[in-house]
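Below is one structure, written out as structure tokens; the observations come after it.
Labels A, B, C and D are assigned to the chains in the order they are written; within every chain, residues are numbered from 1.
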Amino acid sequence: MRFAFTTDQLALRDAVREMLAKECPPSEVRSAWANANGRTASAWDALTGMGVLDALVPEAAGGLGLNMLDLVLVCEEVGRVALPEPFVEHALVAAAVVGSGHGSMSALVGPAALGVYADSVDAVLVEDDDRLLLVAREGLVLERQSSVDHTRHLFTVDWSSAEATTEVGGPQECADAFDRAALGNAAVLVGLAQHLLDVTVDYAATRNQFGVPIGSFQALKHKLADVRIALEFARPLVYRAAHSVSIDDIDRSVHVSMCAAQAADAASLAARHALQCHGAIGYSDESDLHMWMKRVWALQRAYGDPAWHRERVARAILDED
Amino acid sequence: MRFAFTTDQLALRDAVREMLAKECPPSEVRSAWANANGRTASAWDALTGMGVLDALVPEAAGGLGLNMLDLVLVCEEVGRVALPEPFVEHALVAAAVVGSGHGSMSALVGPAALGVYADSVDAVLVEDDDRLLLVAREGLVLERQSSVDHTRHLFTVDWSSAEATTEVGGPQECADAFDRAALGNAAVLVGLAQHLLDVTVDYAATRNQFGVPIGSFQALKHKLADVRIALEFARPLVYRAAHSVSIDDIDRSVHVSMCAAQAADAASLAARHALQCHGAIGYSDESDLHMWMKRVWALQRAYGDPAWHRERVARAILDED
Amino acid sequence: MVVGSLRRMDLSWSPTEVAFRNEARAWLAENVPSEKLPSGDTRDGFALHLKWEQRLFDARWSVVSWPEEYGGRNATLWEWLIFEEEYHRVGAPQRVTQNGIFLLAPTLFEFGTQEQRDRYLQPMASGLETWCQGWSEPDAGSDLAGIRSTAVRDDAAAGWRLSGQKTWTTRGAFCTHMFGLFRSDPAAERHAGLTYFLVPLNTPGVTVRGFGRLDGDEGFAEVFLDDVFVDDAMVLGEVNAGWKVAMATTGSERGLTLRSPGRFMATADRLVRLYRDIGARASDPALRHAVVQAVIDVEAYRLQTLATVTAIGDGDNPGATSSLTKVFWSELDVRMHDTALALLGTAAELEDNGWMKDFQFALSGPIYAGTNEVQRNVIAERVLGMPRR
Amino acid sequence: MVVGSLRRMDLSWSPTEVAFRNEARAWLAENVPSEKLPSGDTRDGFALHLKWEQRLFDARWSVVSWPEEYGGRNATLWEWLIFEEEYHRVGAPQRVTQNGIFLLAPTLFEFGTQEQRDRYLQPMASGLETWCQGWSEPDAGSDLAGIRSTAVRDDAAAGWRLSGQKTWTTRGAFCTHMFGLFRSDPAAERHAGLTYFLVPLNTPGVTVRGFGRLDGDEGFAEVFLDDVFVDDAMVLGEVNAGWKVAMATTGSERGLTLRSPGRFMATADRLVRLYRDIGARASDPALRHAVVQAVIDVEAYRLQTLATVTAIGDGDNPGATSSLTKVFWSELDVRMHDTALALLGTAAELEDNGWMKDFQFALSGPIYAGTNEVQRNVIAERVLGMPRR
């Protein structure tokens, strides 16, 4: 029994954190809100350079040969800086199925999926009637959908007229791809929540009202303590799900759903309290806060909303005999 | 449009409050916890003397000829002192159906009802297959059930071998009897909650920790503010339901269910926060607090639990047409 | 519900009130734009909304409870409630004049001079002059008594010179006038020594900069004042008594006037319709009862308002209980939008569903008009009598 | 999770641990009384529980993680967790010795002298001597530093004279010994000048009065001390350093040791069984997901414990994070009982369902071992670094 990360896993996290701090500061997220494709100038290339985009690809096929347990902390870092890139879709979903060499990819798996950044990637992995297909972007008919998070360029994707599609997986691959997406999304939400907590704690220490820092008021302390508690009891579920996925544990889908529900709720709480503690300052779009909150509001129901995941757990633990 | 009580209604409330303050102080409730029938020494006689037990009985039949709107504030007073008597069952349910002259009565109406004080009343009004029957106590087979509130002497009641039963109502009378019970119960819960709030506010002003009254801490202030808010938005629903019942409004059952759910939730919150604000002192049975909390825990699901009532509202407003 | 009367409770509307409702409903059905206007918190939308306000005013629906001389109908509080219900029921446009009509105007009626009422009320009602609040400052948000903007007496000119910065001023970039508090006695502290001023925003020395809100609209503004001269006629109430005057305004904001039950009844209706459309497909079985609870809460809010209006009619003063109301409606509004988004599931993030944008607006409720943390302090200390720190 | 290692995550149990689990499970299956014992918080029930404790001790299951010389098995923390899971899984009796074994003992191991360990540990493990806490006083509940009971130095007798009153002492009326804090330096204030003492309750000058708890059991006691002499050997840790010693004990109480995941796993299992029995008949559709959420939360708690034990093994110190754990499990426990009572509906008030009594016990969780309000302050100030008032 050992429930902790290796020094290598922590070192990878630290390296990604350091890189993202440079490549994706808040100003870069703000730029992505306004630019043509909603993405960063150089973070994708930097991630490519570090190899993490092909981390799940076997070494023999030119990847790093890592697994979800190695990548879950990287997902947290992606969330922490609100990286506007199809990281989960490419690295956790598509590349893990089709390997490297297809350029950048997005993915559509699970209930009611839309294609994020489908207009700026080279190919999209789609789930179609229990099969996984890889479709080149040129073959797709896209219709833009407007997300509350303007960096999330979302599209309904129609591949029925695409000529070049390759079948790359069956029912089990579909299920596993969805689980990896939901897990990666949960880890991203944890990172987003951690950032929201951190900046709110900082803000509450410096903002004065009634002659004292507002962070000295019990009402704020208790709200932020609750966020800290929610994170404390979301992370272990995320890490365990990553472990279960990495060893193909038979219960991995239930473990993913447990962490997906918990992480979404923790992030939602973090956004709620972050805004309330910031007050009107946080309600302005000149504050960076809104970009993190809107990412939470977008992702908290992506790849299955919390109730969908709870229902998946319910069917496993309540309805069996 | 006028949503307020008359001076007469307020005067009746005040008279009952004054009487109950004398006849049912906390020491009397404590005695009822230990005595043979769980009831007071003299409060029932005093209520009889004031006529309120027959308040819903027409004047021609020897009652006061009042209606639910006149009595709803009296129910609050009954809750405020945690009166251990079958007030709702007798005055709001049974006497309203069968009039006076049957001694003291209990009543079994609605889902999963048990007979409160069925061993010490003279007769019980029971709902039996969409009929209301009045059964003398001698004809009943009683089995004691232990409530968390030891003043509530509860019984499963079997009247199948009773010789003297009188049919006193049909389906509509059954439905109306249940609605009056649920409404009276809601008003009692409001009174219980008000008392819990009052004593907790008082306690928090006098108990010192960390060199200040604990009531000066924001955490306690906000908890008790929430209780006050819950009461502010439960009472109008209770009073409106009383009005609807008093004029046989076609939507009276929905109105009763709205107030029943809201009052039960307000009382439950009041009990929760009262205990937490009292801390260990409230956790001791030497404090009177527990008698009020346990009454709440008993009554908050009597005559339909909040979800049962919400579902009744749901069928009316969500499933129609 | 404490003041007695021999009249029994009566929850029916009189024939006059029913007729009033029918008249309002008919006019609104005829006149409300069939296309939803663009947000009034954008420059273009604001202008379109003012056209609507003018139309309301011309038909004397702009300020129904005001005296006829200012464009109203002398309507009772009950009729005003009825009008608001109908207004929200039909989904009529947001009132971009509300800070003037619902906040400043009651204060003008209570504290203003006859000259001030004659000068300002009618242009306010017609939308010719539009008012924004000038209370919050960068360092005075929840702590309104922390105001630092100053009013320096200019005896020679028989007026005052205002300097400082106001911020989070809703629609400030589009309005013509501002009302706000300034520190007129530099020696006084906190609540003392403040004066309530009316300030035309085209006065020399005023600079307004609009900025965006959470929901993307340019609904906020900063107002910079650099030695702005206003004469004595622009003081509302007494000099150095601004706090008392302002508290009357915030009482209006938190309590009855701004957020009438009609608004939340309309939201609850939309929520019920959403549930009927998609509730059966939602993954969360709890949403059925969440929708019911929203309806119950809105009904409780409506009834509590009826009780309050009855009490006002009986001569009672609601006072600090407006804090109870503010906490309740603002958090109810958030809950209703949470429920709607949960019903929408993965589609909730899409802006075309309308709920996501309204959700963001709902989140401002627990913040503005005094954060709910401050309101809960007020409830504890002034309603329950708990000890101050 | 901050200390690194090259060993990869591994959530499986070793063959040794599996064997340990099987041995424990087999013994418990054989020995746990088939009839539930009466509450250990009553005089009669306490005596029956002590018989069970003796049986546990005789089979060396009483204190598995202790050294063998004191009756333990030198079990690892992992094995101890496994044992607790099995213990709760089978519904074995409440440990009436827990205040000694799980609170005082870790403190004795850390701060005690060899003589104290040799004298007190084994009788504690066997239940021959039973310990209660003597911390809270009538005016020192949440504010433990407000302690007024005094320890006056008696140089001649080489000891101390204790006076004062302790209260809310769980099972104090049935125990033989008490540990607690006394003010040994009258000039010092708050956390300073306190000393941690061990007090046999049969010492002259001690009076114990039992009283009832919320759930009706006589589980509380007041302990009055009137010039009670204890010699120097009864001081645990250093004189005037009692706060530091006590904080180690409360850390144990709030954190890992007392409330192991096994207890809540067992409650969640009961809740799942209750749902399977009657969930389909319950009127609240939300309960299905409430039960699921309970299972998720318990699983999160179990995994968080595994992470903490791993970190301790790596040399990390959990520190103030024990406050996170305490708030979480205590409120989770209340939620689980709320859900169970909601499932039971109108039958919830009946005592024979068992849940109503356990619900009342659950309500003590957010109060004892430092109220959750105090814990949230600790989390904000010591974990998040927010400013003190």
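As a convention for this text, contacts are C-beta pairs under 8 Å (C-beta built on N, C-alpha and C of every residue); 3 or more make two chains touch, one makes a residue touch a chain.
This structure is a prediction, so every number in the text was calculated from the model and none was measured.
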item: Least hop count linking chain B to chain C through chains in contact; value: 1
item: Greatest separation from chain A - chain, by CA centre; value: B
item: Approximate Å spacing (C-alpha centroids) for the pair chain C, chain D; value: 52
item: Interchain centroid distance [CA atoms averaged], chain A/chain C, Å; value: 39
item: Contacts with 2+ other chains: residues of chain B; value: 217-220, 222, 307, 310-311
item: Multi-partner residues of chain C (each touching 2 or more other chains); value: 284-286, 288-289, 373, 376
item: Overall pattern in which the protein chains touch one another (line/ring/star/complete/other); value: complete
item: Contact set on chain D toward chain B in their complex; value: 136, 139-143, 146, 167-168, 211-214, 216, 220, 282-287, 341-342, 345-352, 356-357, 359-360, 363-364, 366-368, 371-373, 376
item: Touching residues on chain C, where the partner in the complex is chain D; value: 284-286, 288-289
item: Chain A residues touching chain C - in the complex, by the definition given at the top; value: 111-113, 145-149, 152, 154, 208-210, 214, 217, 219-220, 272, 275-276, 279-286, 290, 293, 297-298, 301-302, 304-308, 310-311
item: Touch list for chain A against partner chain B, complex; value: 217-219, 222
item: Chain C-touching residues of chain B, taken from the complex the two chains share; value: 1-8, 10, 69, 197, 201, 204-205, 212-213, 215-216, 218, 220-222, 224-226, 228-229, 232-237, 239-240, 243, 258, 261-262, 307, 310-311, 313-314, 317-318
